Amino acid sequence: MTSTAIIFLIAGLGLITWVFARARAGKFITAGPASVHSLPSYHGWYAAMWAVVPAVIFLVVWNSIAPALGSYAVLDSPLAASLPTDPFTRAAILSEARDLSRDANLKVFNDAAVQLAPLYGEADRRYTMIGALAAFLLCFAGGAFAFTRLRPDFRARTKVERMVMLGLLLASLIAILATLGIVASLIFETIRFFNLVSPFEFLFGTNWNPSDKVVDGKATGFGAVPLFWGTVFIGAIIAMAVAIPLGLMSAVYLTQYASPGVRRWMKPILEILAGVPTVVYGYFAALTVAPALRSFAAGIGISNASSESALAAGLVMGVMIIPFVSSMADDSINAVPNSMRDGSLAMGATKSETIKQVLIPAALPGVVGGVLLAVSRAIGETMIVVMAAGLSANLTANPFASVTTVTTQIVQLLTGDTDFNSPMTLAAFALGLTLFIVTLLLNIVALQIVKRYREAYD
Amino acid sequence: MTESAPNTKMSARDVKVFYGEKQAINGVSIDIDMDNVVAFIGPSGCGKSTFLRTLNRMNDTIASARVEGDITLDGENIYSSKMDVVQLRARVGMVFQKPNPFPKSIYDNVAYGPRIHGLAPNKAELDQIVENSLVRAGLWNEVKDRLTESGTALSGGQQQRLCIARAIAVDPEVILMDEPCSALDPIATAKIEELIHELRGRYAIVIVTHNMQQAARVSQKTAFFHLGNMVEYGDTSDIFTNPREERTRDYITGRYG
Amino acid sequence: QDPASTNQGSSRSEIRIVGSSTVFPFAKKVSEEFVNFDPERRSPILESTGTGGGIELFCSGVGANTPDIVNASRRMKKNEFDRCITNGVEEIVEVIIGFDGIALAQSKNGPKINLSVAEFYTALAAEPFGKGPNTTRRWPDINPALPDTRINIFGPPSTSGTRDALEEIIMEKGCKTDPAVGALADSDKDKFEEICHTVRTDQGYTDAGENDNLIVQKLSTNPDAVGIFSYSYLADNAETVRGIPINGVEPSYATIESGQYPGARTLFIYIKKKHVDVIPGLREFLAEYLRGGEPDGYLTRIGLISSPAKMRSEMLERIKSLPTLDGAVLE
Amino acid sequence: MSPTSSPAPAGHPVAHKTDWMGAAMQKRIASRYASERRFKFMGLAAVTLSSLFLAFLLFVMVGNGAKGFITTEATLTVDMPAATGSISADQLTGPRLSATISSIDVRRIYDDAVEAQYGENGTRYFASTAWTALRSQLIANPDLLMGKADFWLPTSSDVDRAAKDRSTPEAEADYARLRQAGEVRQTFNWNFLTGSDGTDPARVGIWGALKGSLITIAVTLLLAFPVGVLAAVYLEEYATKNRLTDLIEVSINNLAAVPSIIFGLLGLAVFLQFFAMPRSAAIVGGLTLALMTMPVIVIASRNAIKAVPPSIREAAMGVGASPIQVVFHHVLPLAIPGIMTGTIIGMARALGETAPLLMIGMRAFTTTPPDSLTDPATVLPVQIFLWSDEVNRGFVEKTSAAIIVLLVFLLTMNAVAVYLRNRFETRW
Amino acid sequence: MTESAPNTKMSARDVKVFYGEKQAINGVSIDIDMDNVVAFIGPSGCGKSTFLRTLNRMNDTIASARVEGDITLDGENIYSSKMDVVQLRARVGMVFQKPNPFPKSIYDNVAYGPRIHGLAPNKAELDQIVENSLVRAGLWNEVKDRLTESGTALSGGQQQRLCIARAIAVDPEVILMDEPCSALDPIATAKIEELIHELRGRYAIVIVTHNMQQAARVSQKTAFFHLGNMVEYGDTSDIFTNPREERTRDYITGRYG
């Protein structure tokens, strides 16, 4: 009997319990509906829960230990005496034997496994039977226990609903777990990193040339300022120089000028820009934009233009960010009360005057919040910079030169050497923590601004 | 009432307004002259605001709205294609029900109109215009020491007076007020009413109100609207003491509304 | 815990390979052939991690969760071997799969460069000949005869075997052209290594990551850049890049095979003996590897330089008898 | 403002009435209208530029990638009986067939046939694994073993490019020669849709990566959807304000803003290092992406739940529905379209995600599609990334073709989301 | 009014309601019996709705609300921990100011309550309950041919009657109505008032209204609320013709409110 079959059987038993409990509870209704506390079906659910949940929990636990029990049984047999002592080889033979016991047609790789296979089949069958029996017993016991508790005034609904609530609460706790997971994984590695490199050097040093060489317990070449600069240069300066004007003007045009028809079509089209995966942008930047920019730079006489210029990555990232800026600006402009616009128009202001002098200033906090969110998104963006920005840690403001970013270096550091204790791996986590903190702060500030602004007009 | 009176500033002839399919104004004709404050009264939803907004084409901003009939300002059709709506609105100012100062300083609120219309060649003249407007709106003494504060930081009544100052700063010819006191307390209301008294004669003034006492207090002429029709138009004293129409009487005596 | 599983998860039925990016294309080809030969075989899992990173992973223990094979573009180091031993990876088999050269290359569109080892060392070192920081910015700063372009070298990161080879084979040769420095090799080994093995960190040299393909791509878009990567990539991309002669010797199959080219090196794979009869197909895979590396094999077609016949037969013997590596022979 | 010395007395008339019709005023108005037009044009230009960029991107991808769906094939004449010795018909029936085929050295037969037909270096015309194509054709149609037949086999990537566009001079010459020596044709590249990664661009396919993507995304959906919706229900309907719920709120809002690569670091440190889960496996990718997607689903679901008017809840409570019944009978059914929209958008994002998966090793080279959750796998975006790094020109069109496939998936998902949003925007 | 009358269905003793810090009801005691329709009247914000919602614990849904004092249903304290609020609400039904049918079919709207409370063992009985409720709500003839249409597709008055049908379908003992006609036109209002007449005697009915004429028309007893206090409670005829309290008189005669 396979565990799937057992699960199905238990589910079936649960169903039967449900039906019986429901029928029994149905008989309680003798003196009108007010005489019972809960609907019969709740009694059904209550009993079914008792029948199924303990049995399934048991099965899960049993299934995780039963294979081990099976293996011990096999190892106890005289046939197993000839097995090699090396645990890995032994494990391989045993696991092949187990596979063979399930599917005799498998290609045999280790002959020792053939003899053991029947033993395994035997042991596994035995333990599966034991598990199944125990599960069924639990199922019956649980069901019977629940059954005895059914009474007209038994609050089955309350009990069932409490279980559901518990489930809901558990689901929301996962968010906390995930956050804790992130913080813990980043902080532990970062602390180890700071044992090798002083935080001061990491945050303020300008020499980024990471290596695994550890001299006197200190590693060098981990001054991350060039990375921070590159990140800011690409994500917060160049990308925003593209995204803010285009996004803002698009939002203004779509909210204030465009006919409903145009708006209906153009808005989703702009949103598509946000739906294109970043690896596609990265490829586009590397394949098309970067070479074009390079030849453009060469054409206007910039000699040392690099093919992976900050500009190429920044431009494409800016385009990716347009929909973020425009939808935030769109929301903010729409949130400005119409009376404000009417007030200006009634003074004889033209539309553009109204927009420039009244709407945008009034929507500014919202727009700023949106831009901050966009910046946080841009500096955390990885694939575009990995594919189109460079790897040289330059401190330069020349947009045609190559700079590198925090995310690029994280990928570089972690996709090569994967040893968990080298300073380079740890540095990736320190960079990750920095990035995490910065984006977090940006978001908190941005959300705060947006919230205060929303309140101002409500 | 089909011929214009001699001192007529604006006149409407058989104006109909539609919101999409729905007709909100069914042919209204009226003359507005320079000497009198005109009050529009009527039950909620009768079309007072709608008609008022046709007078400076503010209903252009509502996509579904459509206007038929003629409205003239100094004899010029304001719905003709030759009419520049930006200029029209500068000449026909508007004050709204809810005070809506711009989120700018008090000074900038008032200076906004003169600036966009280029009414002041230099800073000194602009200062003068701002000051005059605030003085006339009866707000100067209260705000003269804090002109750089935000207009939204004022009290409701002050905000509404600021909006009036803002409207008169562009030196309009007509001022339309749509229930300018409905968001205000009695003291603020009294101030605005006083202000309207003072502005009378210099501008043609139209005020929409749902408060009959207010209409009686501030206006010389009153138009009573009902279900999209202008039922009666005449001297305020006549309308309130001796209405010609049954419906007007019912409304004035509070039978409905 | 189930004895059918080791302490690191259960058994595994496909081969896992990590290591050198230089050897990566060869390994890719071998696994493809390995599966093509018998479609019922499971495809090996191949990750390019660089030699150093690969050996770290390889040496992290025995068991299903650790790789079976590591590709290396240099010989395993003594300290790495010791780490292996500490982690219980005691029986390691070393197999030479062929030769490779560290090629200097440039775009076909760039001005032709011709370097001596000393010039190249001067362009690359952090402190050439121990005489203060590298101030050269353009090639004529080193030798007026060189083309007047920026010194812009893309090379491997410090974890890679190619980098080690670069330092130990080419830079050291250039460095030793100054007898004073050469003398240090015996007297002050640390000092010598610092002078000869430290690559500049300014704009002249860009660490381009483990991906040699990337460097090739960068060269094709940056005509004045110089790239350092494995000869196989040069051979494979003859369309776009050309080798830069060192001391007048072009990197080519013949010059590397004959040892004339100063940047020749050996490629290795290391196998965990304990995995050999546990992971299905591992023996066949090794055989496939050597078959591809024969003089007319498919690996030589994509740039591997075949080892001499004698060595090949020795390797064939090794993958049968699986002699374990003796740490004493390592440095 | 400079304080004015003498405030004008109230009611003092303004010095001049504005002359609205004057020439100066008219000129001013004209220039104001001009600036109005300029501004409007700038807006239009911004919208146009943004959409043109999208159009350009799609154009480049389709332009490059469309060719990836076409393959060039040339004929190879193989006289099977001559090469294999005679094979009797009953060797080709039933279970004996696979044994028969594996007994044949297809590769040698292929090599010999190529040499016979195209000369000494003839294999260069064909893809390096063209012989496997021959083998699959034989398996598909064993009768071919009984006679001499012409087989269409894929040409090498260089020749393929020469046939489509341009290539190296040698390849173009090869192509010309090939057309003389035998027949050449271009057909739909089924292998691209059914094959896996490989070393020869002429023979690579995306099925392996696509299957990896589907498995990964299924794991993500199965984990993130229920957890996300249930958490949203809890927070929106039941949670009383206290420390714990505040913490949950903050966590969710922050998770939604965390850069995706950080989730990769989490996956690496927690799933791979701490829980020792298998590297490169779809289940780890799915777990990682689920953590990334869950907050998106929570936030979208909460908004959808919030949009259900409170009057519905009151109505249900008024007839005696319990809080759980209120939610499961009324609120959730009404919120489903919004929840679906958010989920689809979250899934689309997960499907296009690359960076976190690089961190957990889903970039390994493997030539067979994954069969289970723990099999090493790669996903479509990572495959695109890996191919984009290849130098061989033949990979350019394959990369773009893979991008087209990915975009088709994503744009469809987004379109469905937009449709759902519009369709169910205002139901009450 | 501290002792319960013999036919008392619900009674409140010294009920106080707080929203956070703010007290909205300051100690109200009242008895509601089966024979009379009780009307709550009073100016806006006086706490009519608040008090009504204490009677079926709908204010449990407002996090900040807190109730003190005793309220009993058939002598049982409804705020005791033994009381199951779900059951309470089935026994004390509620109809809201704005009609709020579920976006489900008319049939399902009415059948929802009986279903969750398990009142009908089979489909036929459920059909019967739905039909009876709709008949009693005076809606049957209008909807019997389109029971599968959405409840939201009905007119406002029909929707409100549907909500009443939904409330009576669970066969409650008390029906609370919070301004059930304020969103309706006069014709629909008349229908609902008629309905209340018919339902009287079968259920204890409490109706909140801001319309004194309506209170006079439909109720037998009236409670006048003011600023969180119940100022006066008595026979409707007395309250309207001969109020004991000054404040009641002022309100009834329209001095304020």
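Residue numbering begins at 1 within each chain, and the chains themselves are lettered A, B, C, D and E in the order written.
Keep in mind that, in the parts below, contacts are C-beta pairs under 8 Å (C-beta built on N, C-alpha and C of every residue); 3 or more make two chains touch, one makes a residue touch a chain.
Quantities reported herein were computed from a predicted structural model and do not represent experimental measurements.
> Spell out the chains that contact chain C while also contacting chain E.
Common neighbours, chain C/chain E: A, D.
> What chain sits nearest the middle when you go by CA atom centres?
If we average C-alpha coordinates per chain, A lands closest to the whole-structure average.
> Please name the chain that ends up farthest from chain A once chain centres are defined by their CA atoms averaged.
B
> If I average the CA coordinates per chain, which chain comes out farthest from chain E?
Greatest centre separation from chain E goes to chain C.
> In whole angstrom, how far does the Cα centroid of chain B sit from the Cα centroid of chain C?
Each chain reduced to its C-alpha mean, chain B and chain C end up 85 Å apart.
> Which whole number of Å gives the spacing of the CA centres of chain C and chain D?
34
> With chain centres defined as C-alpha means, what is the inter-centre distance between chain B and chain D in Å?
59
> How big is the gap, in whole Å, between where the Cα atoms of chain D centre and where those of chain E centre?
Here chain D and chain E have centroids separated by 57 Å.
> Check each residue of chain B and list the ones that touch at least two other chains.
In chain B, the residues touching two or more other chains are 86-87, 90-91, 116-117, 170.
> If you look at chain D, which of its residues touch at least two other chains?
Only 32-33, 322, 361, 363 qualify.
> Scan chain A for residues touching two or more other chains and write them down.
157, 350, 353, 415, 418
> Sort out which chains touch which and give me every pair.
Pairs of chains that touch one another: A-B, A-C, A-D, A-E, B-D, C-D, D-E.
> Where on chain D does chain B make contact in their complex?
Residue positions touching the partner: 1-4, 7-14, 17-18, 20, 25, 28-29, 32-33.
> Can you list the residues on chain A that touch chain D in the complex?
157, 161, 164-165, 167-169, 171-176, 178-179, 181-182, 184-186, 188-189, 245-250, 252-254, 256-258, 266, 268-273, 275-284, 286-288, 319, 322, 326, 350-353, 355-356, 373, 376-377, 379-383, 386-387, 407, 410-411, 414-415, 418, 420, 428-429, 432, 435-436, 439-440, 443, 447
> Which positions of chain A touch chain E when the two form their complex?
Touching chain E: residues 26, 29, 33-34, 36-37, 39-41, 155, 157-158 of chain A.
> Quick one: in the complex, what on chain C touches chain A?
1-7, 10-11, 40, 49-50, 52-53, 56-57, 60, 62-64, 150, 152, 157-160, 201, 203, 206-210, 218, 221-222, 274-275, 277-280
> Within their complex, state which residues of chain D touch chain A.
So the residues of chain D touching chain A come out as 32-33, 35-36, 38-40, 42-47, 49-51, 53-54, 57, 60-61, 64, 226-228, 230-231, 233-235, 238-239, 245, 247-248, 251-255, 257-266, 268-270, 273-274, 291, 294-295, 298, 322-324, 345, 348-349, 351-355, 358-359, 361, 363, 381-382, 384-385, 388, 396, 399-400, 403, 406-407, 410-411, 414, 418.
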